[in-house]
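Each chain gets a letter, A, B, C, D and E, in the order it is written, and its residues are counted from 1.
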Amino acid sequence: MVNDFLILMKQELVITLIIFVLLFVKLSNKDTKNETLINFVNILLALNLVSGFFMIREGNLFGDMFHTDELLTLEKNLLNLGTLIISLQSYNWLKDHKHMPEFYILMLSTLLGMFFMISSNNLLMFYLALELSTIPLAALANFDLEKRRSSEAAFKMIVSSAFSSGLLLFGISLVYGATGTLNFAALSTSFTSTPLNIFAFVLLIAGFGFKISAVPFHLWTADVYEGSPVPVTSYLSVISKGAILFVLVSVLYKVFTPLNESWYNMLFIISVLTMIIGNLFALRQQNMKRFLAFSSIAQVGFILIGITGQSAEGSASVIYFVLVYIFSNLAAFGVINLISATTGKENINDYKGFYKTNPRLSWVLAIALFSLGGIPPTAGFFGKFFLLLAGAGRGNYLLISIAALNMVISLYYYLRIIKAMFMDANENPIEDVKAGWSPKLAMIICVTGIIITGLASGAYQYIYSLVK
Amino acid sequence: MTASQVIFYILSAFILGTAVLSVTTAKIFRSAIWLLFSLIGVAGLYFWLEVEFIAAVQIVVYVGGIVVLIIFSIFLTQQSGKEMLKASMLRNIASILSVLFGFALTYNLIYNNNFQAKDKPFDWTVNKIGTQMLETGENGYALPFEVVSILLLAAMVGCIVIAIKSKPEEKNG
Amino acid sequence: MNYSSYIALIPLLPLAGFILLGIFGRKYFKSSSGIIGTGLLLVSTVLSLYTAYKYFFVDGKAGDTYQTITALKFTWLSFSENVSIDMGIILDPISVMMLVVVTFVSLMVHVFSLGYMKGEERFATYYAFLSLFTFSMLGLVVSSNLFQVYIFWELVGVSSYLLIGYYYDKPSAVAASKKAFVVTRFADLGFLIGILILAFYGKSLDIKTLMENLQSSELAAISAASFVGISALTWGLTLIFIGGAGKSAMFPLHIWLPDAMEGPTPVSALIHAATMVVAGVYLVARLFPLFALTHAALSIVTFVGIVSAFLAAIIACTQTDIKRVLAYSTMSQIGYMMFALGISGYGGESGLGYTASMFHLFTHAFFKSLLFLGAGVVIHFIHSNEIKDMGGLRKYLPITNLSFLIACFAIAGIPPFAGFFSKEEILLASYHSNKMVFAVALLTSGLTAFYMFRLYFSIFWNKNTVVNSHHGEGPVSMKLPLVILAFCSIFAGLIPFGEFVSSDGKALDSHFDPLFSIAPVLFGVVGILLAMWMYKKESNKPKQISNSLGGLYKVAYKKFYIDEIYVFITKKIIFNLIGRPAAWIDKNIVDGLMNGIANTTAAVSNWIKGVQSGKVQSYAIYFFGGIVALAIVFLYLWK
Amino acid sequence: MNLSLLIIVPLLTAIVVLLVKGLKQVRTVALIGSAAQLVLCFVLFYFYQQERANGNTANFIFEDNYTWYAPLNINYHIGVDGISIAMVLLTTFVVIAGVLVSWKMERLNKEFFFLLLFLSLGAYGFFIALDLFTLFFFLEVAVIPKFLLIGIWGSGKKEYSAMKLALMLMGGSALVFVGLAGLYFNTNVNGAHSFDLVQIANMNIPIEVQKLFFPFAFIGFGIFTALFPFHTWVPDGHSSAPTAASMFLAGISMKLGGYGCLRVATYLMPDAAHEYSTIIIVLACIAILYGAFATMMQTDLKYINAYSSVSHCGFVLLGIGMLTKTAIDGAVMQMVSHGLMTALFFAVIGMIYDRTHTRQVAQLGGLMKMMPFISTVFVIAGLCSLGLPGFSGFVAEMTVFMGSWEKADAFYRIATIIACASIVVTAVYILRATGKAIMGPVVNNEHLTLYDAGWNEKLAASLLIVGIVIIGVVPFFLKDLISPGTGIIIQKLASLIK
Amino acid sequence: MADIPISHILFVSTALFFIGMYGLFTRRNMITVLMSIEIILNSVNINFVVFNKYLYPDRLDGIFFTIFIITIAAAEAAVAIAIIINLYRSHRSIDVESAEEMKY
């Protein structure tokens, strides 16, 4: 039992360990250097990442509260990887931050929440994990304590999330009332398509939609992303979204099978709206973070198409895309993070003439944006291709056509930034920014990831074998 | 009409009435008080439902914790007597319409679903709740309990970081 | 010697000259390029003469008929099983005759140019272009394949373009070259479509096979298939004839020819008098068996030919630029050849027109190139093209004077000069088939005599021009061709042409009839005398006459305003009504549509931005609205 | 013969270009790389002919098939037939000429050559791909470098043009994607779907499916090849691009579309191609004639050539739309021919622009005097463009006409005549441009001091001219090369046409 | 007790839910918004308890869910209040409309 516990929950345990160590350090009031602590956390995260590839077992713990298997371990590992990259990237921002340990405590507790959410086998556990992965994030959003926008972002986030969890809870209560069970396995058989159930399901979808910022539940996204500190924004847009997507796939595929037809159509509508609205808003943005917020909304639209495939290809492509998305979006955020931390500039216009002063960073950002835009040979191309292909598997070519054309719109705004960096002239470009080893490492990981994960089919095939 | 019924309807009316007052009254302090009443009313409803444990938790956490916190923060942030600004007419109308419509829709669905009570005794004891809460096996809630505790910890850390007045000036000066 | 062993050299030697001079001439053969070009061509000429001798006198005949010999043939580009472009060389009476004419006249021009073009900056280029032209023209005349004709047809056109535009810094030369190319290109469009039509029904591009197919098995099909009530055969041939008419400067596609005189004068002699411009005639002759199948097409040929002949003659009377006069005269003479073909029948006696046409083509080549070369000497001497700058030049340019006079007699159809015999045959043929045509032709021949001698007297007699030129008639290289060509102009008519060339390959007796000749000669003499009366001495008679004619004169002087009509059509209609709108539509509508999509997207994006109002409570309302909408859709609408 | 070398060589060259320093080294590496590629292509050509001579009648030769994404049955599958070889040869000619004309690239030369080589990699990969995914991959690889090339090194309203080009081409490939996905899900190879071109070709895709997806694929590829009315990226894109990029764009990039229309749309969905041929022909005719008329009104040399490309690429589409063997032969020949010709044209326009700093016809004049070589090349390019025999354009256009005329129906006849008519309009605009820019008196006296082409420019132009002339003079080489390939395509169609 | 139909109790909870929602939509004071959220959560709690008691009395899922919701509501309220206080420091106001800087 204890053995099982240690092995099955090893990822969660490591994260908990980090949290407690940090708490201890913070409470012990010793003057530990921030750098040391950051490195310590990074090393442990890396270890956790590595350990995620070994001794993988399938099993349940705590009754049916916790379930894990190879696929779920992989999903957690992906989130862990993303967190590690963000942590590496935030080095410059964190090393002088007064509340560095708290930052990690909050961030890692949300990560822990996501792990539990992925492993949850039960609506209660799911809800708790969801809250664990949301509430501390609101606090994190406020981590630029002196900035008005940061507080505003945090406020918007907490209100929106509370509202959405209220609706979600109402939905869960209706599910509970209709079926008498909270267990996923039991739900998959007893959740029939009565009107009330459909309504409850809509509420649940809205809860998910809120977290992945699907239209029309996305409105908080841009404001929160803009106001939050960059590391938090990247965390929000990549990790927290990725986690909920993993859960969404498994919940839709495994639990709500009786509502198959309805949720397919629902996702169809939502994904079309999400793509279009996300794109339309992204077109006009001037702030990098806000821009990436809307672009990430549009990305979610594409991911939803992959989910509609409802096949092994569908879930494999979603997981694969999240991996690609981690690399690409974090590469972009890495650059923005660095620039924001050293110069405080976050506007697209500030990036004019960026290539003159920072050719390498420009290429990193460019590759990241190409990947987000789905341009080969970056992994983003493969990711999107597989998503759309999975979606096309259901034979809804209208959806695929809309998506394909939306890719064109999305390309426009990605290219806009490329244009600013490479083509536009600027009197005062951002000065030559020196990145430390840590952000550099993060960028190397991301760029390598962007290039390798697509051209080499290993990642996808591994995921596919797990999904199958 | 039995006494139980009468009590129920009175309680219901009380809960809803105070809730409405709480969300409409112009003075923030009063609003908090109405909320307090409403929460107490809900606790009363739990009593009426014979789940005294939940009623107790409700009173302890909500009345003793949250409302106090709210009132405390009201004192921190403004004068209690001042009237609050009103939302715009448009917003009000939109809200009322959407809320009424939402309510109609939802309740219609719930009503038509025709929940039928099972004629079985609901047996819960504090003891049972306690054991299940800490049980790790089937039907155990140990893990959720842990999760919530971490959440509380994180929330606490977060609150402290955010709410405590930073003193950068002192450090620098 | 078998033909195939050397025949290819005839066109290929000039090609070699072109490549050599074109690529390296500028650098390495700046001064020697003339000699190289001429030398190569000399070999070609000798070979052609040898071929002619061999064909006509040794082995061309099988029985009493001249055979068509395919000396060389290989598939160049195959389209489908039957249809392919073959490059080949066929020898039959007209191709052999043309070989001789082309190489000979070209050689004369090459030689003449040695003196005439001496010292030009782009001397080597000039010879390269001349060689290219000679190659193309030779390729054209020996073609065995209809498409091969087209290919060389185009090449001839481009050489003409390059040569007309030789003085590239002269805007008028550039414009003329462009005009020549575009007009002939337009005509070639007809040719091309004609080829397509014939090839489709004839199931071959090989001329021989094509004609056999069409004459026998496919005739019914091609005659039956019709478009706008005209049979496919007529369409095809008419379109091909349009091609020929373009190249041969027939009305109304003749407008490029006078302008083409912007090119160096020897070029005019070669291309725009003796060889290229008769390609149209040659083409019709080449396909004559097919033309003979349909009366309609031949009528068109006749009509166009006679109208061109007459119209050009009238215009020629009024022009004052000597090269232009010659140009219109060329057009007029080609009109003769054309209608001669048009009125001809196929085979035997009825084929007289055919023979006459070819005969006239043959003789015309000599005296017309002679006229041009003579004009070249004059221009070279006086540095002007205008008649008004000339007069009394006989003292300065004796040889030119004499040879020019010979050529004038030849073209006027005065016996015993070459033109007399060929023209007389044409008139005879037309007399037998169509009296109306005969009448006009006769009148034209009188006009011809008039304007030629008008030219002659204006240049060499009339007023005395004081010229202080340091050079006379130029070097031997310029005089020699004049003498040789004059010689030919005198005696070429004595060849019993009908023996060799006829529509069906069988010998045709000479139709010389002294009695019949009286009328044409009379017309000619009257024309000459009239010209003499008006132009021999300087006087104001011409002025008075032109004034008395008033509007008529003006119309003729303005070339019947055909140029203006063209300008109207191209500038006003094509450019303004098609080109400009096309460009406008593309820029504003098609591209506007694409930009419009982008702008609409941006506008929509701007329009919906209010949703993201920054008010968290509005977000919540939208959030809830979304839920309600989804719920309604899936509960009530989309079941 | 390992076909992957065709991709590896440019890739390696591109990488080495990034590693070396200074213009001299960079351009030398680029030149060596592209020369190596040229040699490689000729070796490939030779081996291919050997194979054919040895009686190898397989549809595709030198096939390589590696599993790429096994779960989706996506393979890296390459192989060549005559058509591919012709296109590959074209590419290598244009690339090496492009490198040569960019010899003096001053700004960001490393990036420039890198992108150029990377772009060529996309084209090579596209032409040899036999798996639709591989094909699509390379198709998109070849889009973004164009954006950068135009946007960074271009002139005029370069950002606008670059963006327009990138978006329209991506729009095209988006449509292509839908078409490919539709095909994919309607295939069944041992219970799995397939992207394999060879396998799909052997399958009978239901006609309803074809009719649904053919427009996607065809219009998608059509955008690349300037299908009316989606051609508007062409004038802007070409005219703003730096010389080498214009050469590549018009010379190769537009051929990607034509090749795709043929290889993917028509070959795999013959029934639909037959159904829709009328529409294709109408659009092609519009492009041909209307493009030509629009060209007539242009005053900028690059615009002239760009619009004329629209017109010329119309022949490609016309040939494909006619669906006869000869017409399709002609279409392929036109692709090769137009590729070389237009590259030459853009190269020479670039040379003129480099010297005079203007491309406005009115501001040029009498260039023949100062730059005889460049002017001669210009004239040659022009003559090729207007379809003069002896140059490749004639051969290709005539083949298209002959092929189109094989269809005996008033509609096809009229279409052919319209197409033929364009040769006159072409002559008009080409001669106008030549007459004004090259001939005539010198307009601007400052131009009198200009110099003629350098060795690199001469070499570049000569290479392209040699290509043009070889095709023009001995067309049977090209024809015999592509004939088996088009034969296969036509075989699938043969039953429908009768 | 059994003579009250479930739907009546559910009416109360649903009504409470939408009253809370109304408050959330319209209140301009951040703290009152927070109060509205509490009302919403309370309504859900009632649902759980009622369902558990009336429909599925065998197990205690609803009860536990309620307990956890109450706990989380507390945590949420705490964080929210902390944020509001922080916001008040920088904005000197807790009017919702003072936090509308970021938009479009």
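In this section, a residue touches a chain if its C-beta (ideal position, glycine included) is under 8 Å from a C-beta of that chain, and two chains touch if they have at least 3 such contacts.
Nothing here was measured: the structure is a model prediction, and the numbers come from that model.
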## Note on the structure
Co-neighbours of subunit A and subunit B resolve to C, E
#### Entry: Shortest chain-hopping distance from subunit D out to subunit E
2
## Note on the structure
With centres defined as the mean of Cα atoms, the chain at greatest distance from subunit B is chain C
### Query
Looking at every pair of chains, which has the largest contact count?
B-E
### Identifier of the chain whose CA centre is least distant from the whole-structure CA centre
D
### Query
Measuring centre to centre with C-alpha atoms, which chain is farthest from subunit A?
C
### Task
Express in whole angstrom the distance between the two chain centres, defined as the mean CA positions of subunit C and subunit E.
96
### Query
Distance from the CA centroid of subunit B to that of subunit C, rounded to the nearest Å?
101
### Between subunit B and subunit D, centroid-to-centroid distance (C-alpha), Å
69
### Task
Round to the nearest whole Å and give the separation of the Cα centres of subunit C and subunit D.
36
### Message
At least two partner chains per residue is the criterion; list those residues in subunit D.
### Response
167
### In subunit A, residues with contacts to at least two other chains
124, 128, 131, 135-136, 138-139, 142, 145-146, 154-156, 159, 163, 174, 177, 195, 199, 222-223, 284, 412
### Query
Which positions in subunit E touch two or more other chains at once?
17, 20-21, 24-27, 33-34, 51-52, 55-56, 64, 68, 72, 75-76, 79, 82-84, 86, 97, 99-104
### Query
What chain-chain pairs meet the touch criterion?
A-B, A-C, A-D, A-E, B-C, B-E, C-D, C-E
### Interfacial residue positions of subunit B with respect to subunit E in the complex
2, 4-5, 8, 12, 15-16, 19-20, 22-24, 28, 31-32, 35, 38-39, 42, 45-46, 48-51, 53-54, 57-58, 61-62, 65-66, 69-70, 73-74, 76-78, 84-87, 91-92, 94-96, 98-100, 102-103, 106-107, 110-111, 114-124, 128-129, 132-133, 139, 141, 144, 148, 151-152, 155-156, 158-160, 162-163, 165
### Residue ranges of subunit C in contact with subunit E within the complex
609-610, 612-617, 620-621, 624
### Message
Per the contact definition, I'd like the list of subunit D residues that touch subunit C in the complex.
### Response
164, 167-168, 228-233, 235-236, 290, 293-294, 296-298, 307, 325-326, 329, 366, 368-369, 372, 383, 386-390, 394-395, 398-399, 401-403, 405-406, 408, 410, 416-417, 420-421, 423-424, 427-428, 431-432, 435, 438-442, 475-476, 479
### Task
Would you pull the subunit D residues touching subunit A in the complex into a rising list?
67-72, 133, 136-138, 140-141, 143-144, 147-148, 151-152, 158-159, 162-163, 166-167, 170-171, 174-175, 177-178, 181-182, 184-185, 212, 216
### Task
Report the residues of subunit E in contact with subunit B in the complex, numbered from low to high.
1-12, 14-23, 25-29, 31-32, 34-36, 38-39, 42, 45-46, 49-60, 63-64, 66-68, 70-79, 81-86, 88-89, 94-95, 97
